[in-house]
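In what follows, chain A forms one complex with chain B and a second complex with chain C.
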Partner chain A sequence: MANPLRREVRQLYKNLLYLGREYPQGADYFRERLNSAFMKNKYVTDPKEIRKLVDCGEDVIKELGTMYYLREYSIMKKRFYEEELLGLLNIGRPTD
Partner chain B sequence: MASRVLAQCVRQLPRSSVRLSSGNIAVRTAAVPRTRWTEQTRISSSVGVFCRQYGDLPPLTIESIKERVMYVLKLYDKINPEKLATSSHFLKDLGLDSLDQVEIIMAMEDEFGFEIPDVEAEKLMSPQDIVQYIADKKDVYE
Partner chain C sequence: MSRVLVGVKRVIDYAVKIRVKPDHSGVVTDGVKHSMNPFCEIAVEEAVKLKEKKFIKEVVAVSCGPTQVTETIRTALAMGCDRGIHVEVSGKDYEAMGPLQISKIFAALAKKEEASLVILGKQAIDDDCNQTGQMTAALLDWPQGTFASEVTIDGEKVKVVREIDGGLETIKISMPAVLTADLRLNTPRYATLPNIMKAKKKKIANMKPADLGVDEPPTRLAGVKVETVDDLVAKLKANGTI
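Let's turn to the complex of A and B:
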């Protein structure tokens, strides 16, 4: 396997593992799926194919990134705007 | 070394106060038990009162690094703990994959708390290599 490509594959695997730690359905589930996905393409030797697969992997990284970002956004929104929501529904306000 | 300096300061304190009040005989007699007190503190000053303690991890030794590395490796599910030795090669002896090696290096990064760049991580192929690398990075010499 060409050396720079090998390094990129390693880095891709490492980045996906780091991201997978916070996966909502469990880090182990993610790791197994990741392993099997990499093992399926273990014997690919054509550099162009490898490049395509690496780009695929990078897309997955971007998807996971946005998913985590949206999840955080929704949590923060719930935390900070809950009071306004409660205010609209007139719950939890001390009666004067 | 700091404790030695502090001990010297402790010794000099009552001596300087005796010099200031040298005219007064009563003070001189009172100074005698005080010098006795400094004799006592000279013996025990390294232990206690003026010694500062900083929070830090205990210093690493090659033995402790090796223990921790082997412990982490035994916890990895793809490694058979009976076959594991310090000189066993990950790919050849233990039958692991290069991706497994990436995972092992990540586990080591988590255990020891510092990042290992990919360029150097590729070359670490046995527990002995890892111990050597960490000892080099953390300046542990024995």
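Let's turn to the complex of A and C:
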């Protein structure tokens, strides 16, 4: 593997591992899948192929960021704006 | 020289299931995951966006609390703030601290740093006070744009679209001003590892509330229980409250 690419691949792995800490099904589950995904492509030598795979990895990083944001947004929305939703549906507040 | 102060609060992570301590003295915080208050994340994102659009030159992230809050300041730096200020308050003082003390600290800092804007989250998810922004504006005698779902800078003025009970309200206020961020203001960026690494080089200044001329919060006095409403009125009159 060419040297600069080697560094990129390693950095990609570290970045993905860092993001995977908050994965909903658990950091360990994520790490296992991450390791097997990288191991699967262990013997790829063509720089163009490696470049494509690294770009794929960058896309995964973006997807994870978006997923984490959506999860947080939907929970926050439910928690703080439930009254708004209930109002729209013309449902009264639950009595204690 | 346009500078923005952003307040960030370290709270128990929004996804954690809260447990009450066995002695009912409070909530379990030891070993529990903490992170930046979601509304503070939105505030940081807005400040960084304004800097990227070149409306302001510098974003300063501020947090009050014990040493651990520096982690939260680091996250703000990783999101794009230029430097941080850690106002150190720990132990009993930290537990007694509320929006009034925080807003005094922020007001003092806003003056000291000559900030054009102070951006805060609308409320913290642990206490739901929704007071700090408003109190800070009052102490500074600055206009406030609270529950902001859209912020546009127009010369020396800020156009704020606010989320209110009836729908949306658009106001135009002059700077310097205090803004509080609502959920729909923007989509906060995730602090990725390379950004966190870069943020390590950014400075976090350390200071105490006394350095800003803010007193320690008063210790809470015990309350008094009364039997009837008349007793209450009598006591309040004797107190001089009414």
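Simple rule for what comes next: the second predicted complex is superposed on the first by the 82 of 96 C-alpha atoms of A that agree within 3 Å, B and C clash if a C-alpha of one lies under 4 Å from a C-alpha of the other, contacts with A are read in each partner's own complex, and residues count from 1 in each chain.
Simple rule for what comes next: a contact is a pair of C-beta atoms (placed from the backbone, for glycine too) under 8 Å apart; a residue touches a chain by one contact, two chains touch by 3 or more.
This structure is a prediction, so every number in the text was calculated from the model and none was measured.
Q: Please tell me, clash or fit, for chain B and chain C sharing chain A in the overlay.
A: When both complexes are placed onto chain A, chain B and chain C end up side by side without any clash.
Q: Quick one: classify A:35 as touching chain B (first), chain C (second), both or neither.
A: Only chain B; A:35 stays clear of chain C.
Q: For the superposed three-chain arrangement, provide the angle chain B-chain A-chain C between C-alpha centres, rounded in steps of 10 degrees.
A: Result: 60 degrees at the vertex chain A.
Q: Determine, for the superposed model, which of the two partners chain B and chain C contacts more residues of chain A.
A: C
Q: Touch check for A:14: first (chain B), second (chain C), both, or neither?
A: A:14: touches chain B and chain C.
Q: Examine A:43 and indicate which partner it touches, taking first as chain B and second as chain C; both and neither are also allowed.
A: A:43: touches no partner chain.
Q: If you've got the overlay open, could you tell me the nearest Cα approach between chain B and chain C in whole angstrom?
A: When the complexes share the chain A frame, the smallest chain B-chain C C-alpha distance is 6 Å.
Q: Can you pull the chain A residues that chain B and chain C both touch?
A: Comparing the two interfaces on chain A, one with chain B and one with chain C, the shared residues are 11, 14, 18.
Q: In the complex, go through chain B and note every residue touching chain A.
A: It is residues 98-99, 102-103, 106, 118, 121-122 of chain B that touch chain A.
Q: What does chain A use to touch chain C in their complex?
A: Counting only chain A, the residues touching chain C are 11, 14-15, 18-19, 61, 64-65, 68-69, 71-73, 75-77, 79-81.
Q: Report the residues of chain C in contact with chain A in the complex, numbered from low to high.
A: 14-15, 38, 125, 183, 187-190, 192-194, 196
Q: Of all residues in chain A, which touch chain B in the complex?
A: Listed in rising order, the residues of chain A that touch chain B are 7, 10-11, 13-14, 17-18, 35, 38.
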